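Consider the two complexes below, in which subunit A is the common component and subunit B and subunit C are the respective partners.
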Partner chain A sequence: MKSQAKKVCPTEALLTTPSLLWLLAFFAVPAGLVLLLAFRPADLHGGVGSGWSVAAIKAASDPAYLPIWWRTLWMSGVSTLLCLLVALPMGYHLARMPRRWQGIMVLLVVLPFLTNFLIRVFAWKSLLHPDGMVCRGLIAMGLMTEEQQLLYNAGAVVVVMFYVQLPFAILPLYAAAEKFDFGLLDAARDLGAGAARAFWEVFIPGVRGGLVAASLMVFISGVGQYVIPQIVGGVDTEMIGNKIAQRVFSDRNLPEASALSSMLLLGVLALMIANSLRRRLMAKEGPGV
Partner chain B sequence: MEDFLVIDAIRKRFGNHPALDGVSLQIREGEVFSLLGPSGCGKTTLLRLIAGFDSPDSGQILLQGRNVAGLPPEKRPVNTVFQNYALFPHLSIRENIAFGPKMAGWARSQISSEVARMLALVKMEDQADKLPSQISGGQKQRVAIARALVNKPRVLLLDEPLAALDLKLRQHLLVELAALHREVGTTFVYVTHDQAEAMSLSHRIAVMNAGRVEQVDVPESLYRAPRTPFVASFIGDTNLLAGSITGTSSNGCKVTVPGLGVLEIRPETPITVGDQVTLSLRPEDLSLTDGKDSDPSLVGVVDEVIYFGAFTRYWVTSSNQRLLVQTHGKAAWARGDAVRVAVDPGTLHIVEMKSSVQ
Partner chain C sequence: MKRSWGPLIVTLLVLVFFYAPLVVLVVNSFNESRFGGTWEGFTWKWYEKLWSADEVWAALVVTLKVAVSATLAATVLGTLAAWVLRSYATRLQGAHHGLVMLPLVVPDLLMGMALLALFVSVGMETGIVTIWIAHVTFCISYVTMVVLGRLRDFDTSLIDAARDLGASPWRVARKVVLPILMPGIIAGALLAFTLSIDDFVITFFVSGPGTTTLPLRIASMMKTSRNLPIINALSSLLLCITFIAVTLSYRLNRPASNS
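Up next, the complex of A and B:
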């Protein structure tokens, strides 16, 4: 096992300083401010009053939020699962392509980023619109009736979330697959595993790091979504992000928005900390027997 | 049993490059059979075809009479020891060895007892719960062998299993490998580019070159009676000399070699006066004598002397031919000495023949 040096050498400290400062200034301080705001009273003019109050925390803990939290979790979960299901075989095949093609394909994967995010979501809105291509096509094939809707429901939100987040799942999985020794799959086949079994028993554990990274990236960006449900979702597909946006822009209740944001932030942080703890634990224990 | 594993007229092309150009071999049950040749000769391609990672363009692979050429690797009763070992990095040594039995659906108790037996066989009991990244190269190689042998394969395929190790360890593991083969008795097909490895371990060797088999023989015959110039020069060091048949003698014929004079040879194939031949002369079959009073056309000059301890090597130029001569003990001649090269009779060997009559 690698021995971990406990002493930090001066150059290392120096090199870490810029990113540390960046994190402090643009992440830790704003997050702290948001957390502080949650303990301030709201004033009647949409600003923040003086003194301290737990009113915002109480309001944000209203059980009426529970179904929205639950919906946020399951919609992000489903879109994460869809992303992994598509990105895993894609990462595998990308890594097995000739080098020259890998570069071109990765370029194609990130190409959608050249179009503004909002425009892409609006494009989906016109695709799924009752007069859009998809709807008309499905109706023509008899797979859908005129009364049915593709837009303004949870399905539409999950599909668009899946579309938007897919590259974030493909890239870490491709990076992991690219480092994978495909000779191990030959070895697994040689030892009696069928192609699917070899993929499951050897490839999946081999890209585990990439899988965890892809899941976290997609899931975390999913739970923070509010634009997609706003545009392609309906009244019953609101996510916690929409509620935060409402508290900020419509109700001008910054403390309650801050309270909700803090809860989301702490949840995500807990997820990240759990992951890094798991990794540290695994490194310490060695292989599971 | 001559027909245990039969490779029958196998052809395989990669693009325009013929990797295997009509290879046929018969491998006997229980023997250590080596595929020996330089890189790119097709030996690894042939191994991958036997394992099932590739399929031949034409030809058959018969294992105990059954054509396995169309079967996927997981359906073949053969297992491979890979060059880089290909141990599963996320599994412990024990779990690596148990992988095959687990895939085959053995009972749990049988798996654990067989894995324990294999761990003992390769002396890795103490390391069983370590990860592959925590053991040394030589240990990985032993685990790779155990992981393959636990499945009781009919044939164990070894793809340059020692190539990644240093010389000392390689020699040590070679001895271990020979002992292991005596113990398990499995048929080994051993791919290597190292002739010393092949010679020391194998019962028989197929020397391959450019997608073809040049000669299949026991190590002794490959060394003493190579049938092609390639085999003669690939197995050990040799002098390849051109000569012509100039007459007959009581028990063979006379061959004239520039720089060496007229020598006697007992050819194995019919030969006529006037034929041009290529001869292989091993350096240790040559010796040096004083060249002062000899026929000037047979006198050579010592160009280079290198002392190796147990023997000395001389490079001698005689009639524009450079000859490598090896003698026991310390150097008896120095650079610039005029010498005559003598040939130990009966060691001359024809490796190529061009008939003068069409």
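Up next, the complex of A and C:
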């Protein structure tokens, strides 16, 4: 029933209005407002003053933020890499399983993603706690001393980010691997390629679309993170999200928070636009991507 | 062809990695020890303490009110959105599709910030209504995604057949389209419900004094170590509920993936 007419008929307009209006009013317009608020002065009551000002933009461009931006990028980058490294073989394995099992495996991957986010972070906090199981075990095995800490450092933040984001990487890679023609791997093996070479030179290019989708999902959710560094991180593992939350809730400086959020938002949008341009280019060059 | 063991081992390790922290959490909710480093005997006392923690139950009531009403609204809006996205191929639907999918990618922090900016700009008091608006907003996209998946296998000739037999469009929607889509709609609604109950980040930005949802309560309980075992007990209960909801929604949607 997909009508090919490019003109919008009244029925279509009527049926589209509810969701379109809702998302415009509560998603698109608010996102625009964040950009706007960045150019407003702050008022003392935690609100927004009248008139225009570049004070918030100036404050948000302070070089003191640079190390935090850098940390946000590298921690998200490391957790993205870890996710891909694990999700690739897993997506491959899932796609080769019998159909019935694939559904159950996807369910098992989705379940942790659907359990309360705070609870999952909390579970890790108690695991890595000095009185928790992991620490005690490592100390008992002589791999760690009593003075050492597993919590409140960059390693803890990256591990928990990896834990929380892994389903976002597995699902698109599994979806891509499921469409992959595994006969190509056999062909490569018949032509004399080793298992590793066939995997790298045939399978990986074959699931390129899934790889890009997975990296984007994980990386973007990483740069917008603030709860994980707040709970399992320390003072020197703060990410840009922590700074935004602090500006909002501690300093009650909404314009500066908006200025920082705008930079993050524009970065995220740039990544997504670049991706859709890439896909359009690929589609022009030929099918199969 | 010789199968390599690497991917299988990775898959098994990932499952252990996914579930080990959750299992430890559930086990510790029955542990006499406060920090759960060692097993000091079985106890129900954390569940008893949870039972008498009135502020937790008050927060649960707020959470359920928001989740039920937001799920209802988002299910209607999301299903409608999926239907028009599938039925028309105009430029309007191109923009519509982008607008529906964007909230799935934009970090929660930015969505929370954007909604806060909106409510501050229009001078709206934050509270249960603003939380509801926020939850409907992020749930729409998930419902649309699930229903769209269901619509992919939808045989549109059924609609033409019903129309040829003289059914009105409204009757077709009620008697043909909705019954076929129902499993997808229910699965989408369950997903929306779970996400609404779980949301912390966006809710934190748009909640006001006096309206505390369960995740907000958990976050404030996490600040004092006295409460930690109670959180274990609460988390175990929530895990049970999520597992049941997800399994249910999986069973509902299975016929579609089998055919």
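Note that the second predicted complex is superposed on the first by the 258 of 289 C-alpha atoms of A that agree within 3 Å, B and C clash if a C-alpha of one lies under 4 Å from a C-alpha of the other, contacts with A are read in each partner's own complex, and residues count from 1 in each chain.
One rule holds for everything that comes next: a contact is a pair of C-beta atoms (placed from the backbone, for glycine too) under 8 Å apart; a residue touches a chain by one contact, two chains touch by 3 or more.
All values reported here derive from a predicted model rather than from experimental measurement.
When the two structures are aligned on the shared chain, A:274 is found in touch with neither subunit B nor subunit C. Shared-chain residue A:282: touches no atom of subunit B or subunit C. By the touch criterion defined above, A:266 lies against neither subunit B nor subunit C after alignment on the C-alpha atoms of chain A. Legend: residue contacts after superposition of the two complexes on their common chain; A:117 is shown touching subunit C, with no touch to subunit B. When the two complexes are overlaid on their common chain A, residue A:189 makes contact with subunit B and with subunit C alike. Of the two partner chains, subunit C is the only one that A:24 touches; subunit B does not reach it.
Contacts of A:108 after superposition on the shared chain: subunit C is touched, whereas subunit B is not.
Of the two partner chains placed by superposition, A:66 touches none, neither subunit B nor subunit C. With both complexes superposed, C is the one of subunit B and subunit C in contact with more subunit A residues.
Once the two complexes are overlaid on chain A, the subunit A residues touched by subunit B in the first and by subunit C in the second are 1, 186, 189, 195.
For subunit A in complex with subunit B, the residues that touch the partner chain are 1, 181, 183-184, 186-195, 197, 201-202, 205-206, 208, 286-287, 289. Against subunit A, in their complex, subunit C makes its touches with residues 1-2, 4, 6-8, 10-11, 14-15, 17-19, 21-22, 24-25, 28, 35-38, 76-78, 80-81, 83-84, 86-93, 96, 99-100, 102-103, 105-111, 113-118, 120-121, 133-134, 136-137, 140, 144, 156, 159-160, 191, 194-195, 197-198, 200-201, 205, 215, 218-219, 222, 228, 231-232, 235, 238-239, 242-243, 245-247, 250, 254, 257-258. Those residues of subunit A whose C-beta lies close enough to touch subunit C in the complex are 1-8, 12-13, 15-16, 18-20, 22-24, 26-31, 33-34, 36-37, 47-48, 86, 89-90, 92-94, 96, 99, 103, 105, 107-112, 114-120, 122-127, 129, 131-133, 135-136, 163, 166, 170, 185-186, 189, 195, 216-217, 220-221, 223-227, 231, 241, 244-245, 248, 254, 257-258, 261, 264-265, 268, 272. Looking at the complex, you find that subunit B touches subunit A at residues 51-53, 72-74, 78-80, 82, 84, 86-92, 94-95, 99-100, 103-104, 129-131, 134, 147-148, 151.
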